[in-house]
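Below: a set of structures, written as structure tokens.
Both of the next two complexes hold chain A, though its partner changes from chain B to chain C.
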Partner chain A sequence: MAKIELKNLTKQFGDKFAVKDQNLIVNQGEFLILLGPSGCGKTTTLNCIAGLEIPSSGEIFFNNNDVTNDPPHSRNVAMVFQSALLYPHLNCKQNILMSLKKTNLSDDQKEQRISESASILNIKELMHKKPHQLSGGERQRVATAKAIVRQPDVFLLDEPMAALDAALRQTLRSELVNLQKKLNTTTVFVTHDQVEAMTMGDRIAVMNDGKVEQIGTPIEIYNKPKTKFVAGFVGSPPMNFLNGKITNKDGNYLFEVNSTMDNILLNKDMKDINNYRTLAFRPQHASIVNDNNYDLELKIYGIENLGKELIIICEYNNDKIRIITENPNYKINDLIKIKINKNKILFF
Partner chain B sequence: MYLGLFVLLIWTLTPIYWYLKLAFLTPNNINIFPPVFLPDDMHFGAFFNIFGYDYTTADNILLPASGQASQVIRGLLNSLFVSIISTIITMIVIVPLAYTFSRLTFRFKTALLLTILLSVALPPISTLIPFFAMYVKLGLTGTKFGLIIVTLTITIPFVTWMLIGYFRNIPPIEKLGRIDGYGRFETFLKVFIPVSKNGILVAAVISFIFSWNEFTYASILVNGTKAVTFPTSISSFLFQHPHPQHLSASLFLGMIPPFIVAVFLQRYISEMNIVDPLR
Partner chain C sequence: MRQNKEISDLKFALFMSLPVIFFLIFVVIYPLAYAFWMSLHKVSMFGGLKFKFIGFSNYLKVVTNEKFWDALFVSIRFTIESTILTLLLGLLIALILSKPFKYKTLIRSMIIIPWSISLYGCGIMWAQIGRGQTGLFTAIYHLFGGDDKVNLIGKNYVIELLALGNAWNLSPLVAFFLLSNISTIPKRLYDLADIDKMSNFEKFWNVTFPPLRFTIFVFTCITIVMSLKLHDFIFTLSQGGPGRVSSTLTYEIYKLSFKNMQLGFGSAMSFYLLFLIVGSTLMLYWLWGRRLEK
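Now for the complex of A and B:
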């Protein structure tokens, strides 16, 4: 178990910054998610923690020991790679054994460790199969067993489930979290899937352009996104954004949407009105109304029926606005009036 | 569809059949017109002749040994020697070379790779005269050593190109190896090479076939010397009193190694995909 600390971590490839001046603390036993779009530097950050990449500048500490220039093995990290990478020419048991090749354990101890981790992940009957004979979920379990068999201080996962189908991912998500809590190993998990991030992490670090934009618990990230990027990246269906400006008319604050000039009446307690240019609200925080007390009138562009609820996609001001409703009686090209819950809106 | 296949088969197999048939015939039978599809009195006489033995057929016709026998035997041994040594050297060079170009990033990679690949595009004949002039000065004409050097200039670029494509499709197991505590070179040696052994084997075989079949350089640099190779020794039949059965029997022998290789390795060869190496 270890606490991981990144201090001003920077990694450059040529003159391109993959990670820029990053500071991050992962607490002991924590499950931290690095979330971000592809190319945001999350995998590079993970590779630096693993020791697969040497940072251009900055430092990495494990339990206050500087490990910045240590090779991967001496850091005692275990890593699961994209699509649960295994050695293709070795069977599962040999694959797991490879994790222990460079340790000082006796053969008996190795044997015991392997059978322990195999029984934790329930893969005893797969031990003599080669990776190409395994299903996606089995590969994932074997790769996880290979990682935990070393009893690492830090457990690093690089989009391990990206190649799996949705149903399997759902099962494996809870399995992995359950295992992490049982072993209480500090874990860093990289993903671009915000559902994975929300459901698995103790905390989420949302990355963009080589930097952490916000770090916090899933609820904090969801309810109080600090930047427009975080707001747009986390949540499904995504948040709606309206560009415009806030004006003060006779003591009432109005949000005037660019180009359509529609006005939205805001609550009275507005501050810093000159700094905000974007109004944001989640799809579930607007409702369809029939009276004249509405904020926007929209034309329906598409309807996605999820069974429990429907997502109405409307075209507005060259952009899409999504509303969640339970009423199935709408059709494409219908006009609807919506009212936004002013207590839930955010400004950027 | 099938008609096309049929035409193609006829197109490729007829000349082979025609020539190989001659190996089993007596000179008299060869001259029969119209030719028979498969004559009854076939025999292995020509194969004895080209190795320097007389052969008496069932109806007591004496087929004398070929005057080229010493060249053929020497050619076979030399070809075997040159091909094996070239293949070994090729493999020692190209496995790290292809690895470097397919799995590592460094400056001027594309330019350097192009330089290597450019030599694939050069027809051997264009470098023949410079090589010859140089070899005369260095005293390398008519030596196996000189021939090996020249063979390497053909095998190395081509097989590197093949292997780059294959290496590129191997998953990033180096990372796995490094997490498991192997150094960079150890990972290459103990993890990467075992994983890619099929591709490396195919590359070795292709390199062997290329050396075995090499004719352009050998015909100029070693023909008629002690270092003569099998293909060039066959070609010297052309300038003798015509013995089509001897030429044909030699061709038959020359086809055996590539044939065995193709049959046993076609499964692996299809795994190799020669892709755009600059991708």
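Now for the complex of A and C:
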């Protein structure tokens, strides 16, 4: 178990910054998610923590020890890679044993550790199979067993479930969190899937362009996104954005949407009048109304029926607005009127 | 309207392969059958072409002939050396080319050149390289202060020179196939090996080598066959000499059949070569290839 601290971590490839001046603390026993689109530097950050990549500048501390230039094996980290990488020519047991080969454990201890981690992950009957004989989920379990068998201080996962189907991912998500809580190992989990991030992490660090945009618990990230990027990246269906400016007309504050005649009446006093801002609201924070007390009139572009609810996708001002409703009686090209819950809107 | 008759996949496959089947009948089966027929006869050319049926006595004559056994051992020595050298060189080139470096694409395309040179030309070139008066090895020896000549086309090293030239010609192809194998290895597997604290050699053995095993097996077979049947290279490099020192089975068959015109005897010996080729590849498959398929 270790506390991980990144101080001004920077990694450059040529003149491109993969990670720029990153500061991050992962607390002991914490499950931290690095969330972001591809190319945002999350894997590079993980590689630096693992020691697979040496930072261009900045420092990395494990429990206040500087490990910035230590090789991976001396940091006592374990890593699970994308699509659960294993040595293809070795069977599962030999694969797991590889994690212990360079340790000082006796053969009996090794045997015992392997059988412990095999029983934790329920893979005892797979031990003599080769990786290509396993299903995606089984391979994932074996790769996880290979990682935990070392009893690492830090457990690093690089999009381990990216290649699996949705149903399996859902099962493995809770299994992995359960295992992490059982072992209480500091864990850094890289993903671009915001559902994984929301459901698994103690905290989420949302990354964009080589930097952490916001770090916080899933609820904080979801309810109080600090930047437009975080707001748009987290949540499914994604947040709706309207560009426009705030005006004050006869004591009423209005949001005038750009290049339309639409005004949205705001319910509280606003400060920066006449500045261009972005109004953001989540799909569930707008409702379809039939009276004339509405904010926007929209034309339905598409409908996604999720069973318990429907996502109505409307085209508005060259952009898409998504609304959640339970009423299934809408058709494409219908006109609907929506009212936005003003208590839930955010401005960027 | 007439409907197109559906034909089965097998029939279609047979139909599509007819040209190559006819081709194979003319260039393989007919000569093979004719050679077998000749091997059962005593063929004499003087006073008109005459065939006299003598049964299998040509085959008996081959195994009691000292030249056959000499040539067989030359062939085996040459083939083993060629195979080891070809695969080691091929692997080395592939490993070097798999690393990033400047002008990689240019060098990668240049590496194939030895393979594209005709063996006839290779033979002449390697004869120049190996010969005492003009040779590369004499020049190197002199560079380090020696004043003698180093002649590799002598009785001691001529087979090794042949094997080296053969490997020089074949290894680029091996390298290219191995290189394509290497490029399919996920880069992350090396990271996994780093975390497992593997040394460079262990990484080679556990990550790089396993996916190459099948290609190495295939090229071991190919190199064995190519070396056992090699003729033009030996013909221009050493002509089986000095004496009969580098006279492989193929070269001996050529001499017997087309110089001494003992067509029946030569044909019989060529069937022993065929058995050797088929036998060695089958044995290799039995001992090694089967395990790789699992």
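Keep this in mind: the second predicted complex is superposed on the first by the 342 of 348 C-alpha atoms of A that agree within 3 Å, B and C clash if a C-alpha of one lies under 4 Å from a C-alpha of the other, contacts with A are read in each partner's own complex, and residues count from 1 in each chain.
One rule holds for everything that comes next: contacts are C-beta pairs under 8 Å (C-beta built on N, C-alpha and C of every residue); 3 or more make two chains touch, one makes a residue touch a chain.
Not measured: the values here are computed from a predicted model.
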{"item": "Fit-or-clash call for chain B and chain C when the two complexes are aligned on chain A", "value": "clash"}
{"item": "First (chain B), second (chain C), both or neither touched by A:K101", "value": "both"}
{"item": "Partner chain in contact with A:F81 - chain B first, chain C second, else both or neither", "value": "both"}
{"item": "First, second, both or neither for A:H73, with chain B first and chain C second", "value": "both"}
{"item": "Partner chain in contact with A:F281 - chain B first, chain C second, else both or neither", "value": "neither"}
{"item": "Residues on chain A lying within both footprints (that of chain B and that of chain C)", "value": "50-52, 71-73, 77-79, 81, 85, 87-89, 98-99, 101-102"}
{"item": "Contact footprint of chain A on chain B as seen in their complex", "value": "170-173, 175-176, 178-183, 191, 194-195, 197"}
{"item": "Chain C-facing residues of chain A, complex", "value": "47, 50-52, 71-73, 77-79, 81-82, 85, 87-90, 98-99, 101-102, 158"}
{"item": "Of chain A, residues touching chain B in the complex", "value": "50-52, 71-73, 77-79, 81, 85-89, 98-99, 101-102"}
{"item": "Touch list for chain C against partner chain A, complex", "value": "186, 188-189, 191-192, 194-198, 206-207, 210-211"}
